[in-house]
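Labels A, B and C are assigned to the chains in the order they are written; within every chain, residues are numbered from 1.
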Amino acid sequence: MPLPSYPYAAGRIFVLENKLLSRDRVERMAEAPTGEEALKVLAETEYGAGIAEIEGPHDYESLLSFEIRRIHSLMAEISPDPETTDLFFLKYDFHNLKVLLKSRYLGEEQDRLLITAGVTLSIELLKTAINEKDYAMLPPYLAEVLEEIDEAMDKIIDPGKMDTMLDRAMFLHIFDLLKRRKNRFAQDYFIRQVDLINIRSFLRIRKIGEDFRFLENLLLPGGKLDEEFFAAAMEEPTENIGDRLKDSEYSQAVSRGLEDFIKTGSLAVYERLVDDYLLNWVKAARWNPSGIEPVIGYLLAKENEIRIIRIIMVGKTNNLPPGVIRERLRDVYV
Amino acid sequence: MELGQILAISGGVLAVILAGIGSVLGVAMAGQSAAGVVAEDPDKFGSVLLLQALPGTQGIYGMLIAFILMGKIGLLGTPVTVTTSQGWQLFAACMPIAIMGLLSAIWQGKTALAAIAMVAKRGETSGKGLTMTVMVETYAVLALLASILMINGIQI
Amino acid sequence: MALMRVNPTRMELSRLKKRLAVAIRGHKLLKDKRDEMMRRFVELIKKNKEMREQVEARLTQALGEFLMARALMSAEVLEESVMYPTRRYDLKISKRNIMNVNVPKIDYEETSQEGLSPYSYGFAATSGELDGAVATLSGLLPEMLELAEIEKTSQMLAEEIEKTRRRVNALEFIMIPQLEETIRYITMKMDEDERASRIRLMKVKDMIEQRRA
């Protein structure tokens, strides 16, 4: 079967965008007195089918998995470039890799932590490959990093390093594939994501008081801000990174997030602003019906929605004050 | 057959082919998008169909010019002798609609795509989307007019 | 007050008197022990309360931070982040003696591998809100162990105090009064016997004198 064309995918997406959660509905969910009420607000949307399947407000994770699975199969159906759209689901595979590797080093199975929704590599395959150290059956870039990890964990088993090596391998693969496919837009998106994650790592390192050697290991490859940038920033007081980024497009998210971080020590505001920034960046590009933009935009909008629902449902089921929820609530796409 | 005749016919052929290619691309592009919209929301079929059809006019214009040209050089009745210079003139006269038809149909297709996107989001804006897409048509019509006037003006 | 069933004999009396003396001495000793234990207990309880409040405040903070991290990450990702611990401790539990009560003593030794940070996860897929929770918790273990030790100790002391208190009360309100009463009874009985025999003697003497006259 030939792949669906870009305009076709765009046409589908444009109609589907109408079904995304509106700001108004998110507000109503956030204001609902209980988890049940919040779910009721959600039940009037396209989440209704998923809500019918779950047992109650505490089971919201199943609802979100249901939705991720649905989006993944929608993408399989309409994506004009499945290789590119699959990159946005790669994180679930990498999560499974992390779980399986750590299980192997711990010597106990932790299968309940595996994610089944939205994965592109079958869990059975990953499991056999990792448990039997037979990486030849995996894509070459995975085999490579897994061998590197085995080597690195020879003396000291450092789970943090394990995760970081996998994270880096994931982004290297993403950039590698996008460069080959010459997908400028998706590349630009991931560059921004990597930069903003690296800035966040920098701030987190500052908070826990580690040095540049620690940060160096954590930095993700492929961003515009390189190691020298962060090495120099480490020499200065934290707030200077705001000045350094004043002329970049990140300035708004970083300066306000930084202000709050210095005042409260919490990254909640920064993380929200980053998510909003990335979403708005994609949103601005989505009116290109003959490109991948609307598809990626919709994918990210759904991810964002899932984040919003999770924040609200965690808040509701744990009786968090509405202010705490609101502080973390993301923008919506539509 | 004289070289003039060949040149004149080539002009007509190009007008049909180029404007036709433009229309095909434009209509196909808009059509795929329209199919996507209708797959999700069958009620929108009427309004997106109209938008899809708009880039198709350029092909018709090219055809029209080809007919006028044929009449001019007598391909439909008794053939008229066309000198090489006249042949070049007729060839040139076909170019506005050939080139403009190609470009305007493609771009109109893109505009139609955007308008379909708009209609998909808000059904009530289909009139506005139509207006915007028709604006691109103006230049195809101007090119058509120029071609017709030129062909008529050339003395044989 | 019930009397003990005893033979009101002189021998019994001296036996009971000895018992009374022992009971009174035991009562005094137990009372001293109780008072001392109470003193220690009050000290412990005060410390326990302070530590408990401290630990609880920090635990609440850590759990709050976890909850926030939970709101931003899926359950699986959060658990994966902390599934492989980088901190390991060996616990040794020994006994310590306070006022004849065996209480536990917890010693711990860190056996983590050198050079590992407590942050057992990558920073790309996790929220910054997780760091705070992990940092708070990783510093909390020594205090939690100490709290466990103190809490168990005060619990065991409280039990022992209760036991001692019951013993003191038993001595003070049952044993000693009973012994005293019985002793009094025997004394009275013996006095009575003595009086009776004296009267009898006097009567006999009278009767003999009358017959002579």
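In this text, a residue touches a chain if its C-beta (ideal position, glycine included) is under 8 Å from a C-beta of that chain, and two chains touch if they have at least 3 such contacts.
Note that the structure is a prediction, hence the values are computed from the model and not measured.
Engineer: Determine the shape of the graph in which chains are vertices and touching pairs are edges (line, ring, star, complete, other).
Structural biologist: line
Engineer: Could you find the two chains linked by the most C-beta contact pairs?
Structural biologist: Greatest count of contact pairs is found between chains A-C.
Engineer: Which whole number of Å gives the spacing of the CA centres of chain A and chain C?
Structural biologist: 55
Engineer: Between chain A and chain B, tell me the centre distance in angstrom, where each centre is the average of that chain's C-alpha atoms.
Structural biologist: So the centroids are 46 Å from each other.
Engineer: With chain centres defined as C-alpha means, what is the inter-centre distance between chain B and chain C in Å?
Structural biologist: Averaging C-alpha atoms per chain gives centres 101 Å apart.
Engineer: Help me check something: in the complex, which residues belonging to chain A touch chain B?
Structural biologist: 4-18, 78, 287, 289-290, 294
Engineer: In the complex of these two chains, what residues of chain A are touching chain C?
Structural biologist: The touching residues are 61, 64, 91, 94-95, 98-99, 102-103, 105-106, 110, 113-115, 156-160, 162-164, 166-167, 171, 197, 200-201, 203-204, 207-208, 210, 214, 218, 220, 265-268, 270-271, 307, 310-311, 314-315, 318, 320, 324, 328.
Engineer: In the complex formed with chain A, which residues of chain B make contact?
Structural biologist: 29-30, 32-41, 44, 110, 113-114, 116-117, 120-121
Engineer: Where on chain C is chain A touching in the complex?
Structural biologist: Going through chain C, the ones touching chain A are 67-68, 70-72, 74-77, 79-81, 83-84, 86, 113-117, 119-125, 127-129, 131-132, 135.
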